[in-house]
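Consider the two complexes below, in which subunit A is the common component and subunit B and subunit C are the respective partners.
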Partner chain A sequence: MKLSYLPGCTLKTKAQDLDLSTVAAMGALGVELEELPRWNCCGTVFSFADDDLMHQIAPVRNLVRAQEQGGEQLVTVCSFCFNTLKRANLLVKENSDKLDTLNTFMDEEEDYKGNVNVVHLLEVLRDEVGWEQIAGKVQNPLKDLKVAAYYGCTLHRPIEAAIEPPNKPEALNDLIKAIGATPVDFPDMTTCCGSYQAVANPEIVINRTREILTSARESGAEMIAVSCPLCECNLKENQKELGELRMPVIYFTQLLALALGVDSHLHQCEQNPADARPLLESKGLIDACSATYI
Partner chain B sequence: MDAVETKMIPIYIMGQRYEVPEGLTIMKAMEYAGYQYVRGCGCRGGICGACGTIYRIPGDYKIYSALACQTAAEPDMYLTQLPFFPANHVSSDYAELEGVPEDIYKLYPELFRCVACNACSKICPMDVPVMDVIAYIKRGDIEKAAFEAFDCIQCGLCTSRCFAEAPQFHIMQLARRLYGGKLAPKAQHNAEAAKAVRDGKFNPMLDQLTSMSLEDLKKEYIEREIEPETAGDEWKPKETKWLLEEYLR
Partner chain C sequence: MKKINPHKTNFIRKVEEISGQNIGLCYQCGTCSGSCPNFAEADILPRQLMRRAQLGMKEDVLQSKIAWVCASCLSCTANCPRGIDIAKVMEAVRLLSLRENIDYVNPRELSQETIAKLPQIAMISSFRKHTA
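Take a look at the complex of A and B:
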């Protein structure tokens, strides 16, 4: 299976381990992610203003690229890219006048016809691959590993862009189960990490991190799995401010790659208080799969 | 013998109609019309970027660009030159730059205002995919940005069109400089040759030349072996001892 893939800017800079582990894991599952030959920044956040079509050009141009590639689905794994692209797609699918305006403006591109579906990698794993298939391909079951699935905001909000019913977050839990680990429910699974308040009001993000980590720990989790590079950054970096409250943070794709016996690209986690490697070593999971540990 | 009559065409320079001979470049046409260049003209060879020009054709909503020295004037062109466009140029100490994307982000944070409108690529007279270059920089790919921006001649037309008010041509130049000086693999043979110069390996050759009489020098010059114009890469002179690799051996 071959699917169009837009990694996003952050996955090419600060979150390369998310990009690389995603491509490696999907390869092991027989899914080739074909990166769009030309793509631009998605815009990062969806613009709320009704008449602000200028900020819909960037996401819609990426949808044109997916259409050019012949893909019916455009896969993203960055939660921000997913949310921005999916909502822009919904906007132009539901408002043909706005799509006309954008197509007329982008006169040198082929018209976007509105037929591309934006999907998050978790949806691909659930709907195209299937949890049982994944479980069947696991080489190194992540036994005795209690993982809190942290979905953050943008996979479930707003409801029309959600990967599943927002009051029933399951996809990441199901994946954690499929790879042999134990998913841990906790009260803050879909709360906000503070997002880009990290820039202007870091204390908000420190407080959010404290609450999320405490709630995960009190629920029995040993590790937090995330999909969003900004959640990952906030939950990791702020542990430097939180003394003894330590909790490894890892991209779910790294756990998946580890379980599938391909390179999980954990080596980029070095020198971080939330480094996942010591825990994985203590469980014998990294040694059990030496090829992934560089 | 009848005189050959040159066909005249109308063009509009800053709104004023002029009749100019068909087949001239925009630059020659402007000179024919009476304009004298002080600025807005440099190499006349399509390289210096001084003669960026924008024009429209009646009945067509699109805006077009050209280099005045490289593009033939066409009938009914409405044109103006834009030889300079003010752009934010941030000075930096090259030695202190690390060759990382953050170098560019710190100096030109406005590049993140890009909304991918693509007006920059559309106006570029050198067909540089400017929007894509900015996208490569956003995702930290300085090498790709440098290669894609290679043809940029700093005319500034991209910046004149930028919705995000970004100085693309300065940003792209910085990307090329970072790539060329800090990221591209160094040419080892070049370093070896430079070391040979510093070590005085070429001094005997120069001493021999400077000690020759003028007559002998002229004789050597006239009798020198010249590489034929049609010579391929494999061509070597009959006397090979002066070839760099032979000489330094």
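Take a look at the complex of A and C:
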């Protein structure tokens, strides 16, 4: 199976481990992710203003790229890209006048016809591959590993862009179960990590991190699996400010790659209190000498 | 011809135009405040912002901190029993300042440490939400 794939800016720089582990794991599952040849930044946040069509150009231009590639689905794994592209797509599908304006403005591009579906990698794993198929391909079951699935905001809100019914987040839990680990429910699975307030109000993000980590720890989790590179950064970096409150944070694709026996790109992580390697080593899931400290 | 409600000030109309929401629908239950993760960092609650906006209290609304500590997590929107997209109201409130060229963040003042630490999505979304 071949699917169009948009990694996004952060996955090519600070979150290369997310990009590389995604491509490696999907390859092992027989899904080839074909990166769009000329993608651009999606704008990171969906514009909430009704009178602001300008900021829909960047996401819609990516949808034109996907249409040119001929795919019906455009796969993203970055939660920000997913939410922005999916909402921009819904907006232009439901408002033909807005789509006409955008198509006219982008007169050097072919017209976007509204036939692309934006999907998150978790949806591909659930709907195209299937949890049982994944479980069948696991080489290295992640036994005795208690993982809290942290979904964050953008996979479940708003409801029209959600990957599943928002009151019952389970896709990541199901994946964790399929790869042999134990999913841990905790109260803050879909609460916000503070997001872009990391720039203007870092103390907000420290408080959010404290709450999320505390609730995951009290629920018995040993590590937190995330999809969003900003959640990952916020939950990881702020542990430096939180003393003894330590909890490894890892991309779910790295756990998947590890279970499938392909390169999980854990060596790309920087040395950090939230580094997942010591825990994985203590469980015998990675070889101690395979980790290269940068 | 479009009917104009004489009780709606230009400010209220502008908030409703940008957000696409009817702020008059809010009946002050406070569910938004209860679900907001960042309310403790602000001076007024989301519910209080909605009431001030309904009453056309422009200065109070524009000077309050709540829209600026909002992380657009959409918890308020997801939980509002009146179906108001409160995150869009927050955006409208921010834009009414930003469109006057009053920025909340100055990219030039960010420390090298912050720039080195944070991913692009943090920077770009902050600039999108907090600068004109």
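Everything that follows uses one rule, which is that the second predicted complex is superposed on the first by the 286 of 294 C-alpha atoms of A that agree within 3 Å, B and C clash if a C-alpha of one lies under 4 Å from a C-alpha of the other, contacts with A are read in each partner's own complex, and residues count from 1 in each chain.
Simple rule for what comes next: a contact is a pair of C-beta atoms (placed from the backbone, for glycine too) under 8 Å apart; a residue touches a chain by one contact, two chains touch by 3 or more.
The structure presented is a predicted model; accordingly, all values stated were derived computationally and were not measured.
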item	value
Superposition on subunit A - do subunit B and subunit C clash or fit	fit
First, second, both or neither for A:Ile57, with subunit B first and subunit C second	first
Subunit B versus subunit C as contact partner of A:Thr13, first or second or both or neither	both
Partner chain(s) touched by A:Tyr196 [first = subunit B, second = subunit C, both, neither]	second
Touched partner set for A:Glu108, first subunit B, second subunit C, both or neither	first
Touching partner for A:Arg38 - first (subunit B), second (subunit C), both, neither	first
Partner contacting more residues of subunit A (subunit B vs subunit C)	C
First, second, both or neither for A:Arg217, with subunit B first and subunit C second	neither
Partner chain(s) touched by A:Pro158 [first = subunit B, second = subunit C, both, neither]	second
After superposition on chain A, the shortest CA separation from subunit B to subunit C (Å)	6
Shared subunit A surface residues [contacts with subunit B and with subunit C]	8-9, 13, 41, 43, 55
Subunit C contact footprint on subunit A (complex, rising order)	8-10, 13-15, 41, 43-45, 47-51, 55, 78, 80, 153, 157-159, 166, 191-192, 194-204, 207-208, 211, 229-230, 233, 237
Subunit B partner contacts - residues on subunit A that touch it in the complex	8-9, 12-13, 38-41, 43, 54-55, 57-58, 61, 105-106, 108
Residue numbers on subunit C that touch subunit A, as the complex places them	17-20, 37-38, 40-41, 68-69, 71-75, 77-78, 85, 87-88, 90-92, 95, 104-105, 110, 114, 117-126, 128-130
Residues of subunit B defined as touching subunit A within the complex	101, 112, 114-118, 122, 131-132, 134-135, 138-141, 163
